[in-house]
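Here is the structure we will look at, set down as structure tokens.
Chains here go by letter, A, B and C, matching the order in which they are written, and residues are numbered from 1 within each.
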Amino acid sequence: MPLLDVNDLTTHFHTRDGVVRAVDGVSFHLDRGETLGIVGESGSGKSVTCYSLLRLIPEPPGRIERGTAMFDGQDLLQMSPAELRRIRGRRISMIFQDPMTSLNPFLRISTQLIEALQTHQDISNKDALKKATAALEEVGIPEASKRVTGYPHEFSGGMRQRVMIAMALITEPDLLIADEPTTALDVTVQAQILDIIKQRQNDLGTAVILVTHDLGVVAGTCDRVLVMYGGQEMESGTAEQIFYAPRHPYTRALQKTIPSLQTKGQELYTIPGLPPDASKPATGCAFFPRCPYPKNRDPMGERPDLVDLGEGHCWAACGYCDSSAPIESVLAKADEAIVDPLPVEVETAR
Amino acid sequence: MPPPISAAEIADEALVEGSSLWKDAWSRLRKNRLAVGSLFTFIFIVLFCIVGPWISPWEANTQDLFLGATGPSAQHWFGTDTLGRDLMVRVMYGGRISLLVGLVATLVALSIGVIYGATAGYVGGRTDSAMMRFVDLLYAIPFTIFVILLMVAFGRSLWLMFVAIGAVEWLSMARIVRSGVIGLKKQEFVEAAVSLGYSHRRIILRHLIPNVLGPVIVIATLTVPAVMLLEAFLSFLGLGVQPPDASWGVLINEGQQNMEIYPWLLIWPAAFFATTLFCLNFIGDGLRDALDPKSAKD
Amino acid sequence: MLKFVIARLLQGILVLLAIYAVTFFLVAATPGSPFSTERAIAPEILAQIEAFYGYDKPTSERFFTSLTNVLQGEFGPSAVYANRTVTQIIAESFPVSLLLGSLALLVALGIGIPAGILAAVKRNTWLDYIPMSVSMAGICLPTFVMGPLLALLFGLILNWLPVGGWFGPEFWILPTATLGLYYAAYFARLTRGGMLEMLNQDFVRTARAKGVPETTIVLKHCLKGGLIPAITFLGPALAGIISGSFVVETIFQVPGLGQWFVRAALNRDDFLVLGLTVLFATLIVIMNLLVDIAQVALNPRLKYD
């Protein structure tokens, strides 16, 4: 039995301007100790997927419309708030994109670290403080015993993300959800943070869901990858399958945007077109409007079926475009053809 | 290759954005039922006070000692006061003065606040921090006491009241204008305008003022009720508008003295005064939500 | 910390001196003499009295004499109420005003802050709409409107409470409510705004993800930051309660200091006006000092400087 088995997860936001289908029927699973990368650009629904699992989306306007998320045999989406609180922070922990705002500036680091422990365990202040100091040491914070009583503003961004990791893992959870943990950090710090997550994961045997827009981050970190676009799954499989045998046009295009995989001196590739407007009702493949492949016909509201290519490699089998053509030639043609709209970068870092 | 976009285009584009901001704000404001209702009620009260005395057969200061105080009746809808004067006309005249004080004193506060705040923000540096430190100090001072002493010392003229109240209420205005100007100074379209060699006058008039206008309108709308409050407070203490002239504060004071026997003398002016403040506060809140959607409640 | 307090203390003393000076010259500029009464006094005697109080000297000289006296705790005699010194009047009436003001502040904070927190936590429900509409109504009913209306309703129509005097707890209720409810409305709105801002912060999501119960999130994570706007308003609120007491004490015939001030100003009772101004200004300056300290204590990002 997998640790986490998500089926047909659907989260919509009911705003004044209409229903935004942030997550539209996503399924995936995760084994103990495994690392799953969820990849996609802004608005692909990858973060909302994670928040939905712990029911952290603001309700209203958000609502989990349907689906199940079986965690160790219990459905996270059907639990009572009290049951859910016993899972949150104890068995599933989370770290967030922006370490500058995710820590409470009014409370000491020690208070915030201890809180995670004392919410779930009967532990004395003294022991909890000891554990908190040890947790800071484990994520590589120098002079942990002194700094543990400090306030968040006395820490740099990278250090705060280390604190977040220490705080999330202090209860030794089964699953760590990391929502773009490196996006807000300096490039030099990003690798360190990923290393710390990996190292702590090895120490504790924690399963990890790593949400990122950076396919390059996924490469070295994840066992399996889920590629999302417009709230839908485009492709999923092992890291090797996704990198060496990508099938979906979106995955292929995404791969082209990794700077380090491109020839030096070449202009950076950007996927033409704009991210989908999730408030428009989905008709067919969400990526269809931006798909650079030659189209056979219009999808006319039909969602592509998820087709298993074997060994767990699935893709949203697009029957409308000829995706067997080699990507380079297609993209070259597409670049010539597309004059308007202006190219947009895959992700504008916020 | 497309022609490079000129700095002037960037600068003017920002102005186009400005106009759609106002359009957006207007459509948001129209959806705020409370604000729209308040606006209509307020307009009604203003018209009532301005037009009413021309239509009414009664004069504000014509006494009828023989009649004395009577309750609301067919002749005198709001009743009459102890001197037999028609209360409705007195409420109208009182409203004229209260609203006039609200408007003029707000304009005084607005002029001081905008000039002070814009100077501090535009000049920046040490001048700015010294000027703002001074504002901080003034915040700590019990101004009502000064205003009372000022009214006692220099007689109770309406003009003095405008200036005295205006001189008290400009502080938040200055702060808001300053922070708006500082925020805008750093933005690209202002830098673009500077690099194009536009004059200070043009930068201030075309780029800075239109962009701090929103917050200034909001704070001005919210200053009007604050000013009216201070005026009524002074008039209540007998330091503001002097009989036989009346403002709502004077009428409330007269009503309060006789409320045991003639409660309507208190209730009518109090109702008009409170409703006006209520409307102005809701209009101000609605404008703020409309102009700055981020600060909206949800 | 000590350096910060001393710096603020010095600043407060400076503010007090400035207030004293402005008050002194405003009073001096008021036409008439404090010693002219309805009774006709022979000009020589008036001149003698004025000379006795130093009124024959130039204003600037008088200013320094009076400042020296005040610094020694000598506020001088009341010019109008014969045989009583300003210190005596303050000693008699201040306890009443202090009780009224403290009760009012207690009402303002005790109702305003819980209502604001509740409204923020239950936002966009009836528990938000009702207190917030009531508080908006409260803000539009200043003391001089609220006072007579409350007196009319509870005193004269329902006949539940006495509307004048200060003879026991039942006499305290209406003045306290009049003075306190207005500021309760302000505190409720400020607290709601502050709490909402905190509740929308990312760190609240972090706390939820840790499994922290909602009550703890509100009280432990949000209250400190959420109360800052309300605490900042304590200074202006005290100033407002003092000037509100001028009205409330008149309406409800409370024998406190507030009713003296306007009368003293109108009667040119110079020493009394100065004494009362110094007292009020000192209270406000102390309150502002406490607020400054509280802000620094609540917000670790602010450094003492």
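Keep this in mind: a residue touches a chain if its C-beta (ideal position, glycine included) is under 8 Å from a C-beta of that chain, and two chains touch if they have at least 3 such contacts.
Note that the coordinates shown come from a computational prediction; the quantities given were computed from them, not determined experimentally.
Engineer: Based on CA centres, what chain would you say lies at the far end from chain A?
Structural biologist: C
Engineer: What pair of chains has the most C-beta pairs in contact?
Structural biologist: B-C
Engineer: Chain with the smallest distance from its CA centroid to the overall CA centroid?
Structural biologist: Given all protein C-alpha atoms shown, the central chain works out to be B.
Engineer: So what's the Cα centroid distance for chain A and chain B, whole Å?
Structural biologist: A distance of 50 Å separates the two centres.
Engineer: Quick one: chain B and chain C, Cα centre-to-centre, how many Å?
Structural biologist: 24
Engineer: Let me have the rounded angstrom distance from the C-alpha centre of chain A over to the C-alpha centre of chain C, please.
Structural biologist: 54
Engineer: In the complex formed with chain A, which residues of chain C make contact?
Structural biologist: Interface residues on the chain C side: 201-203, 205-213, 216, 220-221, 224-225, 298-301.
Engineer: Which residues of chain A touch chain C once you look at their complex with the stated criterion?
Structural biologist: 54, 56, 85-90, 93-94, 96, 98, 101-108, 115-116, 119-120, 151, 153, 164, 167
Engineer: What residues of chain B sit close enough to touch chain C in their complex?
Structural biologist: Residue list for chain B touching chain C: 137, 139-146, 148-150, 152-154, 225, 229, 232-233, 236-239, 249, 252-253, 255-256, 259-260, 263, 266-267, 270, 273-275, 277-278, 281-282, 297-298.
Engineer: Touching chain B in the complex: which residues of chain C?
Structural biologist: Residues 11-12, 15, 18-19, 22-23, 26-27, 29-31, 123-124, 136-137, 139-142, 144-145, 147-149, 151-152, 156, 196, 235-236, 239-240, 242-243, 246-247, 250-251, 261-262, 265-266, 273, 277, 280-281, 284-285, 288.
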